[in-house]
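Heads up: the structure comes next, in structure tokens.
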Amino acid sequence: MSEANRDPLWLAILQETEQAVRDEPLLASFLHMTVLRHSTLEDVLAFHLSSKLASPVMDARALLELFREALAADPQISRAMRADISACYDRDPACDRYSTPLLYFKGFHALQSQRITHWLWQQDRKTLAYFLQNRISEVMSADIHPAARIGEGVMLDHGTGVVVGETAVIGNNVSILHGVTLGGSGKERGDRHPKIGDGVMIGAGAAILGNLRVGECAKVGAGSVVLDDVPPHTTVAGVPAKVVAQLGPGTPALDMDQRV
Amino acid sequence: MSEANRDPLWLAILQETEQAVRDEPLLASFLHMTVLRHSTLEDVLAFHLSSKLASPVMDARALLELFREALAADPQISRAMRADISACYDRDPACDRYSTPLLYFKGFHALQSQRITHWLWQQDRKTLAYFLQNRISEVMSADIHPAARIGEGVMLDHGTGVVVGETAVIGNNVSILHGVTLGGSGKERGDRHPKIGDGVMIGAGAAILGNLRVGECAKVGAGSVVLDDVPPHTTVAGVPAKVVAQLGPGTPALDMDQRV
Amino acid sequence: MSEANRDPLWLAILQETEQAVRDEPLLASFLHMTVLRHSTLEDVLAFHLSSKLASPVMDARALLELFREALAADPQISRAMRADISACYDRDPACDRYSTPLLYFKGFHALQSQRITHWLWQQDRKTLAYFLQNRISEVMSADIHPAARIGEGVMLDHGTGVVVGETAVIGNNVSILHGVTLGGSGKERGDRHPKIGDGVMIGAGAAILGNLRVGECAKVGAGSVVLDDVPPHTTVAGVPAKVVAQLGPGTPALDMDQRV
Amino acid sequence: MSEANRDPLWLAILQETEQAVRDEPLLASFLHMTVLRHSTLEDVLAFHLSSKLASPVMDARALLELFREALAADPQISRAMRADISACYDRDPACDRYSTPLLYFKGFHALQSQRITHWLWQQDRKTLAYFLQNRISEVMSADIHPAARIGEGVMLDHGTGVVVGETAVIGNNVSILHGVTLGGSGKERGDRHPKIGDGVMIGAGAAILGNLRVGECAKVGAGSVVLDDVPPHTTVAGVPAKVVAQLGPGTPALDMDQRV
Amino acid sequence: MSEANRDPLWLAILQETEQAVRDEPLLASFLHMTVLRHSTLEDVLAFHLSSKLASPVMDARALLELFREALAADPQISRAMRADISACYDRDPACDRYSTPLLYFKGFHALQSQRITHWLWQQDRKTLAYFLQNRISEVMSADIHPAARIGEGVMLDHGTGVVVGETAVIGNNVSILHGVTLGGSGKERGDRHPKIGDGVMIGAGAAILGNLRVGECAKVGAGSVVLDDVPPHTTVAGVPAKVVAQLGPGTPALDMDQRV
Amino acid sequence: MSEANRDPLWLAILQETEQAVRDEPLLASFLHMTVLRHSTLEDVLAFHLSSKLASPVMDARALLELFREALAADPQISRAMRADISACYDRDPACDRYSTPLLYFKGFHALQSQRITHWLWQQDRKTLAYFLQNRISEVMSADIHPAARIGEGVMLDHGTGVVVGETAVIGNNVSILHGVTLGGSGKERGDRHPKIGDGVMIGAGAAILGNLRVGECAKVGAGSVVLDDVPPHTTVAGVPAKVVAQLGPGTPALDMDQRV
């Protein structure tokens, strides 16, 4: 039994895909090319993202090789990607297959693409990282700086309009809805973007601006504008955001309760 | 006289397009291929959307056939599309031709594409519906779940950043600006998204979250976050949104008055 | 020495690009085709935008010729483009090369594309302007009406979700974050969109609605909804926005301070 | 049982293709898109030829519709195509599946494409016929005038370099190797190309020039130049060609014996 | 009246094309993009050839600019192209419009493309000339060395399989059928290919090998192999070719009589 | 020093290509993508052939992986490819760089592509081999059966119109001009195609038909039709071909003397 065959997530995705080919002839071509002819989840991700990010000025073959190189060089990307798939599966009631985020969730695609630009940034290949950031922003409408550090088990739901700045840090098991900004303030270089703790949930359209800290398991209400630190296990909301609730020991990112 | 020739909307669009070919040689190629060589409005829509949603992994021919099949199978899609064109023409001061939304309004394209994914969902072709939802979200930046039920005469203005969840319901003659969220709350399945009454107008960037009801002819101010039911004929605004005005017998979706 | 050789911005961009070719083989193909084989900054811009906006229904060659025609006919576009590059370089701490906005900033691309659609609008080539507005909106997620008048030295940061209406006017040296709306109100034609004074900064996600005036060097906080005139040198914030601070003689658009 | 299900050739091709998908994952995508998702042989042919003949200036969707229209309007094309598949299967020792000529034989593709241009010619759509003749000549290297009349059960083996003129007529059950010319002579209009009888075999590179008759079941040796009538049941060879053998009652096109 | 308007060939082609757009909606898109939106015959040629020769590794825009540059720099190319169109119109009975060779004759396209590679060769841009020779050979199946010198009023009929070597010279008013070789002999550099006199006609598939001279108004029969000089006003035929007829004062290239 | 750095052919090609980038800006993009960013000659070949053979129904990435797999699995392909490059360099007076056949000679591309289909055939991946044979035949106009066995140091000059059958065998150091057929005879399976000895030269347009032997260092004149064995060290010519000369101890394939 090969290593791939011992990978339960990959086996589940293969099984789901084989079923989809049987159910939907129109997708058979796509699913064979993108999933079934490959032998690891990493190969599928690299192929799928290279399909999406290629353009008349950047060859899909060159991107595919680059993405495979990144995935081979940094096993952390795979680990995080797998946790991100599980995050979608566990937290999004509309997601009942592991293959759905992998193949069809734009926010997931943007996040995995950033994991690759982040590796490029670490390798000091900054121009290529900028090139890809631009392309990700065009295709997936999420503009995440390659230098931003992002944990595992993150759900970037929908992804449209998300902006994450250069010195932002996002912890593990965070849920970020569409339209969220983790932005800087001022025109000076240096550490100027938010730090998001583990388990935080940030509602749709919220803007968190400046080098501030959102404590672990905090919740930021939709449409809020956060300009100050947020204590752990609290809910903030409003423009500007204020603490509106103390939270119990739960994890807002997992509960996905949007009420404030 | 053929049926197509008795279709006044189609005749108007043909006439506008012939004029455009005369006025603008650079568009003649596009307009001939996309409009003039066809004989019904439905064929134009199917061709135009298949141009926009095709990709290296999904052939334009296969999409075209699918979209024609949907339009032939469900006459409701055509009816709604025609009402949506009129909605743009009547409500958007910048729109003075019937062909403009058909050909150039991204929100209109996203809405009609969702009408097709909704048909697929009803046929239990869910994987294909997800595939297309992803593609619509990439091209048109509007992420509308295929299961969402949407009435006629809806104007999805600009469309960028719009998110509509699985169990959302949108009535007739509704106007929805860009950046609007009709989102769920929590991670449980079941009915968890807003229900929007007839004649409602939802301002830019508003987030309406949870299984709540926005009553008919209500108005939701731009940037508002709505977490509770909204009575009919009222205006709500703010983060979180509160009732700020009682409205007369008019229809906010038709008046498009953004003041609150 | 040719005129191009006396253009210091072009020389800087050439030098940066030659360095990038040496540093990053994967980009050499793109950079040679898009930058190095050209002899003016205007040719690079025209080529780059035509790469991005071409599609199976609009030939890249036809767009390239159109964009070169516009740039040759209206020197104001070049002048503004150069000021816009400097604006990004000066105000965005993450931007340390002149070539970065030119090649990789989506907001910059959307803005320059609108400068071209504006020229078309002035030439009464309105249908072509609409065609391109739609395409810009798809690729760059910014929906800016061709008729809008926009000054020089404008930074459209990220650009995603930006909507600017037909009768909007934007002054010089303005900074506009992503998700900003300069929208109309009502369904009557005529002057119905905001007028933004010189030096104004508009934070992420702010909506400014109706024919109102934002005075020079004012600041609009992120997520605000502005429905009334904003006096010069003041900060407004909130939903709806209220004056929250008087500002000194500085220029918010240059300082980029997001606090309110 | 539908009509398609009673079509044994189609059923054989489906079966072969399903086996090929199992055997060769790299072809699964192509075979699903081109064969398996269709329900008639005619649809497969129309789709496959439109894949091959589309170009940046002629949309695959438009060609697909045209080819389907031709196949629906003129059942003779289908009949001939089926006889041509059998001809390859029966006469080419390297061809042991019915799907092989349909999918992979360039001469077969050129011949079926001409059957469609011939239908266009008959409909007096001559410019479109010329457009396609040019494209066929580029892709398949066979330049066959749309007006040429061609019988059934014809094998155009390899196809490269074949030229057939406007007033040429080719009978049934003819085999034509690559590089064969059925050319005119002189610059006057009118009937000026060869007439090829039933059962004739024309060897590789032979040129038959002028309004002459090659009698039924004659054989033209490879590399021959034929300037005079060829009696039935004879072999001609040489430059210029002379009768070199009387043939028995067999059919050279079926025997494919290249000796002279 | 502009210069273009005084160009009768261009006016005729415009008129033919406008008629074709009316007659054939399926071609309207192609004809507008390729012909009607341009203002000179040279622009049409440059655009059309760049459509045909572009590829995923060579941008159509770059080719278009190159071809326009060549046509502007060397007026001889235009003059010869116009004479070549007339040659087809006068000598090919199947050609009754000036636009037909321009748009649809592969041999004509290959010949004009070589006129451009020849200009590149003269500018010592040999690698680019080889790049294009390869591409011409792929698309048009005619492999003509960029260094070959070719006169005006040349008809390259069909073009498939034509090979013309580095030191070949072709006079004015020559007709060359498909499959013709003007080849070298030996492996030494230097002058080693045929010289073809004015008015010569070379039949299909003929091979003329070595540094020999075919005298003016000679005729080479189809399928002949010519290894020695051919006197003016004679017909040669056979393998190897021998003089088979003395010709009168006519011009074989104009008469197109293939008999020998 | 890496293995690649000890490969003198690769180093020569790199050096030639770097010079070409300096000389010809228009090719810089192509040459960087296709040559300079790779580290072995094999990678360049695989990339270049995948560019040429990809199509809307066969992804370039999938082909690239396949070709790299073949080159890695069968070192004989590399060895033969290198000998083929040298063959062109040594025998073709118009070829003065090693990179010229690699990048620009269609016959060379067809031959290397067949070396890959031959490997597929040996792996019993026959359908994929047929798929590629078809595509090679379309792009390079050479139709070479995957089962044909071809030696090293073979020059397939120009390649247009070449047809080589299933059971043909070609020795080492053979030169084959364009338009050559190594064809079968009859419709029975089994060994039915020519066997070409080492050092043979076959002139343009020659047809060699049936299971016959062309002895080593024989020469077949252009346009000949060979139906019988050819003794070693003899020249045959004519239709049908006869022995016309005894040859000395030289190697016709190396001398490239086309006289007979």
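What to note about this one:
Order of writing sets the chain letters: A, B, C, D, E and F. Residues in each chain are counted from 1.
As a working rule, a contact is a pair of C-beta atoms (placed from the backbone, for glycine too) under 8 Å apart; a residue touches a chain by one contact, two chains touch by 3 or more.
Just so we're on the same page, UniProt names per chain: A, B, C, D, E, F = Serine acetyltransferase.
The structure presented is a predicted model; accordingly, all values stated were derived computationally and were not measured.
Any chain bridging subunit B and subunit F, meaning touching each of them, is among A, C, D, E; the list is complete. Averaging C-alpha coordinates per chain and comparing to subunit A, the farthest chain turns out to be E.
Each chain's centre was taken as the mean of its CA atoms, and the one lying most distant from subunit C is D. Rounded to a whole number, the gap between the C-alpha centres of subunit A and subunit D is 54 angstrom. Inter-chain centre distance (subunit D to subunit E, centres taken as mean C-alpha positions): 27 Å.
Within subunit F, the positions touching two or more other chains are listed as 26, 29-30, 33, 37, 56, 59-60, 62, 141, 160-161, 179, 205, 223-224, 239. Put simply, subunit A touches subunit B in their complex at residues 20, 23-24, 26-27, 29-30, 33-34, 51-52, 54, 60, 90-94, 100, 103-106, 139-141, 158, 160-161, 177-179, 203-205, 221-224, 237-239, 254-260. Note for the complex: subunit F touches subunit A at residues 33, 37, 47, 50, 59-62, 64. Interface of subunit C with subunit B (complex): residues 55-59, 62, 66, 125, 127-128, 130-131, 133-134, 137-138, 141, 143, 145, 160-161, 163, 165-166, 179, 181, 183-190, 192, 205, 207, 209-210, 223-225, 227, 239-240.
Across the complex, subunit A is touched by residues 21, 25-26, 28-30, 32-33, 36-37 of subunit D.
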